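Should a chain be cited, it is by its letter among A, B, C and D, assigned in written order, with residues numbered from 1 in that chain.
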């Protein structure tokens, strides 16, 4: 059999297998898989053992290829999702200040949430959005949503739907237009923030679905930043937290908290030190910590196990790579 | 109902197709790549048309009217005729399609390059040079030795690191002797910086993969509850 | 003339845009906003050139039956599909429930998210292949990466739980981010800004002119 | 390329000292004294025991400095009944009258507010304000301010220092360009990545494989893209000389246009205009990862021998560099985005870090006047370093031992640089 045919067969098999599971899911006889703590431990030990084997092989001079690394990364991310072991999540100071800043607000305060990201960054930011909404509803905050990225408001709606699936929050009976509103997206990047400083209405004449700004009780009396108590920004790049700090905080003095992707977060640390930013959630880790502080452990916490695993795998392969390098007598001229 | 299943399968098919590139370049990947190129080019084409040409230019120059309570039709905003300059620059750009006078497009290009150069010259200078230099001027020991060892070491590290890092970028002097040593220290700081960004990036990228795998395993196959 | 006029435009516009920063008076106070508006209009016009170029190349591939010409058909078909739908839907093309949104949600999003997420694999293979403690500098890079990676997940804290609070891996990671990392970033930022100053000046003075083409 | 002849170190340090002394003197002179015209100052009635809150006091309106006469600043001392803990005051309402007209409510502010910026005004109108503090039951107005007309200013004097220092550095760039033109030899150290460009192009020629040039994924409104294109100008000239093939997929239509002009000009200079074709540069898509998917495909299918990655890169940097590495290409990369540099350093053969990207085209050109501009950059770094050194030493000594003169120097430097550092 030629390699081509084998490959096609493998792909076909995988797809058929997936189709069976899918049908199982739809018809309801597949209930999902969870590893008990004992099974989880066995899986972890097996994984560690196989890494040790690779290490030994490397010492003996047999290097593994790129694809092996790929497979391990895939496994390290996928398997922990099935595991039911919990890990202790320490709270970092920047997340605590964010939470404290929110606690200082009075119940029923008005918060503006700007969704400045799109689906590719959702894995990190969506859990933050959801737990932020949950927190807002716990405290009866009024939520005003907007976006500087075209897809941001869509993400907000998804997060809201997700939160409202929980009967506890559905019972809160949040009314659209009264308790929360989605003003939608506006082009213009930081200029949007700047013009909002004078007049929200000039940027958002209607809400997401086309309802007139004046007809929405929640924002009827909101003229500019002085009528909202807090701004929360979820950002994956430009425009994002940096622009919110530079315009909304520096010029209009709003209280700003932010959730960032991990890549973005280091850029925002200086603002934290200078107090322009009241707390920051950085990446999945920040999401998990915030979930812990607000007492609703959700996706962020669940994903943290995968996160830990994947970091360990990367570190393991750095070590293996370096072992290979030193055993190989530094023959290969690799640039670092 | 059919469309829901179909949609999830389409998404999953495309997701797996892209991942198949990890094994090697193959027809499945090529198919997904072509769809991606076509769809995304079209997406931006449409988006820029509606957001910029229609939303910014057309609506800006010819603001829509609406009927107020008195039954009069009023403009929602004052027309902004300055936008016409942008339209002229845009049209000059499109002259590329006419080979004989295509060189006129250089005028818009020249305008954009000039504006970018001027704008960033001063913007970067103010935010990157002035701000950063000012932030670096800080008392190493706090006011009257009140800082903790943690902060003192940190402050010294920041001051020394910034200073030596700049030495590394000096072009006028060969990296030799004491100067060379300082440049070397500067590189050390750059390397720590790169290491730290690397660490953060690993974290971020892994989160993205977790998100994707969660899509495959829970949204598509329902294996995780 | 074909060369001189663009050079003059670049120089004049460049100087005006430097000066506008210091003059709060009209029209200089509006220039930023104008430029951002004008640029987005030019961008939207220029994408016609790009799109036509994409179609031209794909059509040529098909016409000449070059290898993989079938994929060129896919490119054209998917481009036309989303473009036609986008124009037919009108200005509210992005609203939920439109066909454009369907394509966005189930074709565009999975593709871009997956392509983004493929980075996780590449980051791991790059770590394995290239991050070697070849010399002192490389070792520093590795160590910083190691501490940050460990310090940012619960596992790192668990491994150093025997240490008193304030001395664990998490705290070390925070220290690296706050101090040495800041220093390096600053040096790079200052250097970049000066590089931009000098590049911009070369462009404004017309010394750097390759981007404006020949005769 | 060798530019030997070290410059006179002693003279340079004297020059630097001169610059600094001028700076410090200016800083001392610039401490601004802004007189505020206090209009009303009503002492609050603290003895009355009632539910009527005390009004806001010392309501002052003054001109917003350095604007087009369209803003005024209003500030006041909050009511003494507006304190955390016992908040009798629920907020403030700002009232405004234009040209002596009727007072209208303008803005409602939260408790604790003590200032308000009124925008979109007209310079030829006059404005009077008052602020009303309100509780659940009562509203208590403050005394009216005097009528005030916003003023227009032509020059933003707060930015004077930014202007002075930017001008100083710009002039030193121009000065060195001019010196180089006049025939003075200028020394510039070797930059490793750039010395490799020649070999990298030669290698592609020998192997008969194309060269791939990626100018980042940003548009022409990013200086990094422009820097990438200026390097392209140099590289393309050599490519034309060697008669190698260049492949340049781009993600922005404007960049496509500019890149075509650049390559065309390079081929003309090399004397081979007939060898140029528009097909060397092609547009793929504006979408970041759609573009990456296509470029990855090009890399594995066409197997370029040399890859240049010079411009503004984001997350795609690693995918591009890793794929390029896996097909065995020599890679020369450079970007000014710090977050992406580690990956270039890991996966590419040579990396231009930050500033080096901007220096590259000048360096590659080998023209003295271009190299002169690099000298000018160094003056900028020299100033930054001197200010950091003097500033840190004086503020440290000043704060630690409370020495007047050091504190003064530190404050002066800090003032100069903070005034200039816009938001």
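Note that in this section contacts are C-beta pairs under 8 Å (C-beta built on N, C-alpha and C of every residue); 3 or more make two chains touch, one makes a residue touch a chain.
Note that the structure is a prediction, hence the values are computed from the model and not measured.
Chain closest to the overall centre, judged by the mean of its C-alpha atoms against the mean of all protein C-alpha atoms: B. The interface holding more C-beta pairs in contact, when C-D is weighed against A-C, is C-D.
In whole angstrom, the spacing between the mean C-alpha positions of chain B and chain D is 15.
Each chain gets one centre point, the mean of its Cα atoms, and the points for chain A and chain B are 19 Å apart.
Shared interface positions of chain B, defined as residues touching 2 or more other chains, are 12, 18, 21-22, 30, 32-33, 36-37, 39-41, 43-44, 47-48, 51-52, 55-56, 93, 96, 106, 109, 112-113, 115, 117, 120-122, 124-127, 129, 133, 135-136, 159, 162, 166, 169, 190, 193-198, 200-203, 205-206, 208-209, 211-212.
Multi-chain contact residues of chain A, defined as those touching 2 or more other chains: 66, 70, 73-74, 77, 120-123, 150, 187, 262-263, 266, 270, 283, 285, 307, 310-311, 314, 335-336.
Residue positions of chain D touching 2 or more other chains, listed in rising order: 162, 166, 169-170, 221, 223, 226, 254, 257-258, 261, 283-287, 289-290, 293, 301, 315, 318, 338-339, 341-343, 345-346, 353-356, 359, 374, 377, 380-381, 384, 422-423. Chain-to-chain contact here is organised exhaustively, every possible pair of chains being in touch. Residues of chain C that touch chain A in their complex: 33, 36, 40, 94-96, 109, 112-113, 116-117, 120-121, 123-125, 127-135, 137-138, 141-142, 145-146, 149-150, 152-155, 157-158, 168, 170, 174, 177-178, 181-182, 185.
On chain A, the positions that touch chain C within their shared complex are 66, 69-70, 72-74, 77, 87-90, 92-93, 119-123, 150, 154, 157, 185, 187-189, 191, 209, 262, 266, 269-270, 273, 283, 285, 304, 307-308, 310-315, 317-318, 320-322, 325, 330, 334-336.
Chain contact summary for the complex, chain B toward chain C: residues 7-8, 10-12, 14-15, 18-19, 21-22, 30-57, 60, 82-83, 85-87, 89-91, 93-94, 96-97, 103, 106-115, 117-129, 132-133, 135-136, 150, 153-155, 157-162, 164-166, 168-169, 186-203, 205-206, 208-209, 211-212, 215.
Of all the residues in chain C, the ones that touch chain D in their complex are 21-26, 29, 39, 42-43, 46-51, 53-54, 57, 68, 108, 111-112, 115-116, 118-119, 122-123, 125-127, 129-131, 141, 145, 184-185, 188-192, 194-203, 205, 207-208, 210-215. On the chain D side of its complex with chain A, the touching residues are 107-110, 113, 116, 119-120, 289, 314-315, 326, 339, 345-346, 348-349, 423.
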